[in-house]
């Protein structure tokens, strides 16, 4: 993913491309590099914005973001609380799906990450739908009546009671964690705090090499990114 | 997923529930069955509408729908062509993500499926964003300048040239197929018809049983639903 | 797996077979049932003896037994200690690979299981290579200078110090456990007790439906049986 | 895996070890490198001989060898035909399990591989149980009444009729192939040539990082080595 600027060139191990050759052409056009190799100029998709986010933190993978979005039940118009922002990869995806009427409030205690996240969100044209908050979500959530609380931080269980208060009835909480110990603590805390329909899954994605006479799964894969835990807020009996 | 009607009861193997006890309560409320077992009344999420669609055809799984949505790059405002409609599970999900400004044209040759799909779409409040078409998509696609063509039918390779014509430059095509033979034919046809960035993946989702001292993956899982193939339209050289 | 007896019949949902028709024929012969469906009379393999063991306990799967055998490094002539015996499925496999010169001592505290195990071992012609011991292996192991200690019981960590004493230098310990909590306790105890090269793996086996034009992975699979932990005995410094 | 020689040193990125310090010590002893880091001198296991075979060809993985051994039903005393030998990794494992009374005849057309295989078999003390044959197995198999035919070569289907002739009734054939196209051709040829109980599987092994508070699956794994196809010889009707 590069920014096209007049008079400049883009260097690759398959030769360089003059941006001037590209300007004025439509997306999807093919162009030859200095070594005569054909390139296609593609418009970035959501997935590209996610994968190409500056990687200061370990970003969530598209396969996990896809499941987080689907299982959280969010869509255009949803009000979401996210923590932590990190470099904004998941933030970008969530904003993409709640626009044009929804809103995302994203908490992050490390100020330097918020600057990177802001840059990434602006590049993906998603900044208008996000409120970045330099606050500690384990202390409390300002918003109320939210549709979903989405957590990608080291101690999700500390946020569970605040999530319960912030969510509307039936609202969803989704938490992404790499280790077993994190999911055990999170699930126990969810059970103690009025959540139901609790479910934890992991997702393995394997690429296929597809070619007549040579078709087979690819040799290497990512074996683990993290576990995804879902739950829904039940109204407490007697309340 | 049931429709609450005054004066009626809902029977389960854990006792029955009188709908009159539910009426007037908010979503998320807990209620006791005739056997004294606690139930929670939850508002259906997108995933519930998908899973509970009348299963006249093999419906795509939420995990696959999640990846189809993510990798296709669609979102609020997108114009999508889908085929075939089936009972409308994938249709419901796609409509959910393109509303309020986007539109989905869904092709299906079997008229009886369209009736079921219409009912499912109306139940999920998604019918306003969908145009159901009783047409054979392997003959042609009426729309042009579309953002994504999404295929879940037996012979996706027959649709590839029509998809190329219908898509805008850089537009995406996504095809879901259970067998290897289908993906080989589809990938070959994509290569011959001006598509680039071709990629085929499969996704395995495994549930975890999370409980202190007993945590472990679940014993059974769905081993295979289908392969997902993605590609993007490049503008043909010289055109 | 059935015992062929003169004058008797074997009933299946595809018709019955008269054993008299089979007697005198060689293994591998085909025979017609009363409904005209062709059956093949196959000699049981090791895998058949394992899978058809009377299932009073949860037996280890062939895929796991295969890895236990390979990673333990055992073979003809090895001296092995196993616990617990259960119904003898793993015992049968281990005996198969250490015969004719090796020996297997198998501990089991529940006397009723030992009777079943004895029957299964005799049916598979493996009883001569096994010593069944009605003893609690968490109290101690009688043998010394053994090549491998193989554990399939609820509290493997309690056996680790006894395994260290019983093993020859470089000897292997292999433990099979379904839950994460078991492997954490086992690995910690192995580290504290002079074991090195500690490794934990899980193995997923997926069947393929192979048929021209319809090839695809099977729809269902066993998602989890257990984790296998391996380690080797290092000689303690100063000893 | 190194050969210890008097007067020499073994260099690692954690410092070097003087072999003279090792000589006279028993296997399993710990020793300090020149940088003060502790090493343990372990005796090679079967798995080590397999993994450390000179990798001139793509060698089969221990997990696959383990399943091949288990499903083929071989053990001490078995007579096996293998093709192709390659650098002898699978050959070493098969010899390990058929000794002391069994025998393995291994076919390989590329003479240079046979030399490497011979060296690897001698190093693992398995050469006495193997007959290496510089012959083309697709032309025919010399042996008869064999217990198992085990194939790891590019065109297993060409060997299927010869395997049928060489096998005893109920004998097993096991074939390892990386691509889908290979397994389709092999399974079809098996069906046409009197084999029954045909089954194809793939095996995924994932390592676990086990540490209190940080337990999780490892980040990377081998996504694919190959498919394993099993079948058994039925006696042809009328013979």
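Order as written gives the chain letters A, B, C and D; numbering starts at 1 within each chain.
The working rule: a residue touches a chain if its C-beta (ideal position, glycine included) is under 8 Å from a C-beta of that chain, and two chains touch if they have at least 3 such contacts.
The structure presented is a predicted model; accordingly, all values stated were derived computationally and were not measured.
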Inset, instruction - Answer with same or different: of all residue numbers used at the interface between chain A and chain D, are over half used by both copies? - result: same
Legend entry - Winner on C-beta contact pairs when C-D is weighed against B-C: C-D
Legend entry - Gap in Å, rounded to a whole number, between the CA centres of chain C and chain B: 43
Inset, instruction - Indicate the whole-number Å distance between the mean C-alpha point of chain C and the mean C-alpha point of chain D. - result: 21
Legend entry - Touching two or more other chains - residue numbers and ranges from chain D: 180, 202, 206-207, 212, 215
Inset, instruction - Spell out the part of chain C that touches chain D in their complex, as residue ranges. - result: 26-30, 38, 40, 42-43, 45-47, 62-63, 65-67, 69-71, 73, 75-77, 93, 96-97, 99-101, 169-170, 172, 180, 183-184, 187-188, 196-208, 210-212, 215, 227, 229, 232-235, 237
Inset, instruction - Quick one: which bits of chain B touch chain C in the complex? Just the residue numbers, please. - result: 178-181, 202, 206-207, 212-224
